[in-house]
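This report refers to the structure that appears directly beneath it.
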Amino acid sequence: MKKIILGLIIILSGWSINAQDIIWLSNTPPDFMKDRIKTSGMHRFSALKSDRRSGKPSEKEHKYNKFKSDSTKKGKRSKKESRASYYGSGTQYVQWIRQGSSVENARYICLDDSTDYTLMLMSPTSEKSNIEMVKSKACYLKFAMPDEGYYNAYLIVKKTQGDTLHINIAKVELLNHSCRNGHHKKLEARPVMHYPEITDFEVIRKRHPYEDFHYFSSSGDEETYQALFNGKPVEGVKITMNTEKGWSKTVYTDKEGKVNIQFLQDYFSKWQELNGRKVYYYLLEADYTVNKETEYKGKVYPYVHYTLSMSDGYHPARTMYASMVWGLIVFLLVTVVSIAGIFIYKERRKKPYKELQFDEK
Amino acid sequence: MKVNSDRYERMKKTGSIHYAMEIKKNLAEITDDFPDNPENMEYFYKRFEEYTTGNLHEGKKVIASMCVHVPLELIYATGATPVRICAGAYATDQIGAEFLPAKTCPMVKSTLGAVYLDILPGNIKPELIVNPTTCDQKKKMGEIAEEIDKPFFTLEVPPTKDSEEARQYWNRVVKKFVKKLEQTTGTKLTRRRLKKAIKTVAKAQAVYRRFDHLRRKAPVIYGKDAILVTNSYFFDDIESWTEHVEKLNKELEERIEQQKTIGKANSPRILLTGSPTIFPNMKLPLLIEQLGGIVVTEEFCSTSRMIWDTVAVDEWFLYDMVPAVADRYLKPSTCPNFTPNTDRERKLLRDIKEFQVDGVIYQTFTGCQLYDMESRRIGKILEENGIQTLYIESDYNPDDFGQLTTRLEAFLDSLKNKK
Amino acid sequence: MQKKLKFKRYIDNSNVSRFRFWIQIISFFIFVYGGYFFIEIASRLPIFSCPYVQGSPGGCYLIGIQHELNTTWSSLWGFRGIAILTSLATFLVFFIFLNKAWCGFVCPLGTLQDWITKLRKFFGFSFTRYDEMSFKRLKSIKYILLVLLILIPLGIRNTFFGIPLPHGMHTPFCQICPARIILPLFTGDTSQIFIDFTDTTTIIMTSLGMMSAAIFLVGSFVKKRFFCFFCPMSALQFIFSKISLLRMTKDGDKCTRCGNCYRVCDVGIREIADDIISKNIVKDDCMLCAKCVEACPEDDCLKISFAGIPLFNASQEGFFKRYGQTDLNELNELNKQKNESK
């Protein structure tokens, strides 16, 4: 009996977009796409393999993508073309649209034209650019990031239910940097951008004082998030953190609109599987309802319900992977061994000198 | 060997007399036959007068050395005074002939004779006689000297100096030598003492090099005097020697300023090389200069080769100083016992250039194989460089005076005509 | 003897080692703490101006070249290649002035080794030298390291012979370079002392780094300029040594092969004493410290010149000034004091 109900729920949820289920942008490709994806940069951004250098879809890509023209890209990449190619950033990065609170099991979905959605990419210098939605077997968002620094990508889906307007803001902050480009702009990566003109409700991750291009959250780190409404901090926003390993925590923002969340250490590997650079993802959900009359498609709604999702990766705890004690042990051991070696050598020098040995064979 | 004491006493008596006479005669020739000897040469003439009469280094321990391979710094540092006993006297040569074949190098015979009769320079009583194995005759002389109960110590000189093995070997030999010295003198080699010894010798070298450079500048001193200066380094107290060479340098500088040069403008400038000229065997330089030539420089182990080269130390500890001293007595040496010995050719060519030499006189002692064998190659190289060479085989016997005069006259004349 | 200018004579008689000692202190200060005083020199320097040091005002060319070569073949022929050439040019612009004197006068790691040598002297502990065979054999290590530090970054992106190189091998030399671990310690930064357990590659590389740091300290205590003998920077510099303006030349005719120069040579170059044919005597291990010129007692046998202008010549007078009289006076005074105290 239980199974039938469960099944029904699954079928139902698959059948229509449930307004309660959060939509978010993810960096993790669906299983069947995995071999066509290559990750790049230290933040492991996904890009389609065929897209890496040319910036044009391959033939294989065309098959999935027949109905879509690539006219949009051409116009965009004129000004920065030369620099972009120097930076090797002609690369088209992709993000997947997913629905559901479970980082591991959220569905990959596609938005049809009946859905009211907006796509927007903001560059580190707050220039707007378009995001292209590719509708193929898997739906994905495709965009270029020619500059270094934090890009903000937004997918805003509006829906109504009863007297409430549901606005789902799927946001990602993408730190674009390649060490090969040098580190002359080390500090410019830091400023955090938010755009009240795109969305009035927003959550941002506060930067640490010494963050640079190489920053990556790790288990055990404490991150501060701030909820903003029309650019001003808001209190009492419900913020839920879900990690890939299934850990979840809900907190409410304080007077300054801030919450502090410490990432739990949730990765314990076996010796053979050591990988300090493994990336896990988290999904941050923010819920906020405003009692404000809003007109939408000719109808006035007394309530607006905002759901904001933000996803990023985090590494296993740093402390687990860097051991000063072991460093010192190796250091001292080698010191002692070499001192002993020298001592023995010097002692042997005191004896009459060594004869040349002949090989008797 | 049992010494027949009666005969020995007789030999010693006559030998000493002959020896003293020979020295007196030679010294007189050096001082009296030439006008206007530098005032400061007086000190050196005196030193040689005391050769037979004086009591040199009284109250000090003396280590006798031979050749240029005995590290003097180490001897000074162990509280002893080195005296080089390589001899040039015909009187002792005849004594030495009792032990060695007739065709042996006169220098070796003479030294052995002097050791046998105990008539060493300044009547020293050496605690140890260090005998480097530089040539076969020296080696065998060492054996004979041990038979007559003389405190000989054999310093093993490698037959080559270029290879790393030779260097290592020599370093070990020198270390062993230090131990022997410490045993003999009862003084331990210390850092401070060795440093002081190196500096003391360096000071002497600096002064000598100045002297040598003055000889390059202008002909102000006869070769016979210069040879006496370097020869007195054999036995003189090093500090007093340095002081007096410094004084001599000053006088020579003044002479250069006053342009009080010796010889004439066309006097041939001669370089002497080959078997070493050691006082009182001064017949070759004396003859040359009496006949109007000027010996501007000598490439002898009794002169520049002995003093010229310096010791450089990186860290003033025994671990670096001892090998540094050892290296100095091996690496730059141009002794023909080393093979290859291209450094000698280069040194000769350099000297010829720097001293503006007109002709080279190559002296070989009868029985001195090494210099004899090198003479052909050196002669060829000098010929290639357009330098005339006179090859002279002689010994300590003054009998060949007439024949030498004729040959030297002819040679010097041909040089004069060329000028 | 030619008459020398008074000034030239003063220089030739001077003690370059003492001058070098102070230059080294100043440059060590600049290259370790300069960044704190807003000194910014340049990246791609021909010394170990280690970017891992917080206060470093510059960058070592080796880290630059390793970073830049971590690229694909195709991009190597494009803008990437131009970037590589630009940084090589930067390196050369600096290098051309000082030749290998960068090692002897400026490199902070070299200075550190000289200080360790001073410490050893303080204890009166004897140094060691490689014997001739080991010297010849070990000599090639720096070239091997240089080739590896060029090939490994390329190999990460391009796979040679189908051998996949992990990303953990990026900047391979920096990971095993003792400067990365030791120099930050001078700014109180101990964060480089660690083993990185991120994956097997990093474990191996960081362990090698810790080992090299230990061997560096012990090695430079018993051997002068121990690390310089294996330094790939030294190899890289030697490739371009001939075009440099600062030169050391030898007049073989004046050489007596007394070996003074070899004795004082910190890196133990035999050719300096034995080679009487070559004019340019800067060898791959040489760091132009001029100690050999100081120890040479033959006038003008060894010379250091800049673009043909003689800077420092070997001179007899200078030699005896440095090794002879002045110190003897000191010694006499010492002896006097000793006698008085008795």
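As written, the chains take the letters A, B and C, and residue 1 is the first residue of each chain.
Operating definition for what follows: contacts are C-beta pairs under 8 Å (C-beta built on N, C-alpha and C of every residue); 3 or more make two chains touch, one makes a residue touch a chain.
Just so it is clear, the model here is predicted, and its values are computed rather than measured.
Of all chains shown, the one whose average CA position lies nearest the global CA mean is C.
Each chain gets a centre from the mean of its Cα atoms; the one farthest from the centre of chain B is A. Centre-to-centre, using mean CA coordinates, chain A is 45 Å away from chain C. One finds 89 Å separating the Cα centroids of chain A and chain B.
Touching of two or more other chains is recorded for no residue of chain C.
The touching residues of chain A, counted against chain C in their complex, run 53, 85-86, 88, 179-180, 274-277, 320-324, 326-328, 330-335, 338-339, 342, 345-346. The part of chain C that touches chain B in the complex is made up of residues 1, 121, 124, 126-127, 131-132, 253-261, 263-264, 266, 273-274, 276, 291, 295, 297, 316, 319-320, 323-325, 327-328, 331, 334-335.
Here chain B touches chain C in the complex through residues 162, 164, 192, 195-196, 199-200, 202-203, 205-206, 209, 213, 216-217, 308-315, 317, 319-320, 323-324, 327-328, 331-332, 343, 346-347, 349-350, going by the rule given at the top. For chain C in complex with chain A, the residues that touch the partner chain are 67-68, 70-71, 74-75, 78-79, 128, 190, 193-200, 202-203, 206-207, 210-211, 213-215, 217-219, 222.
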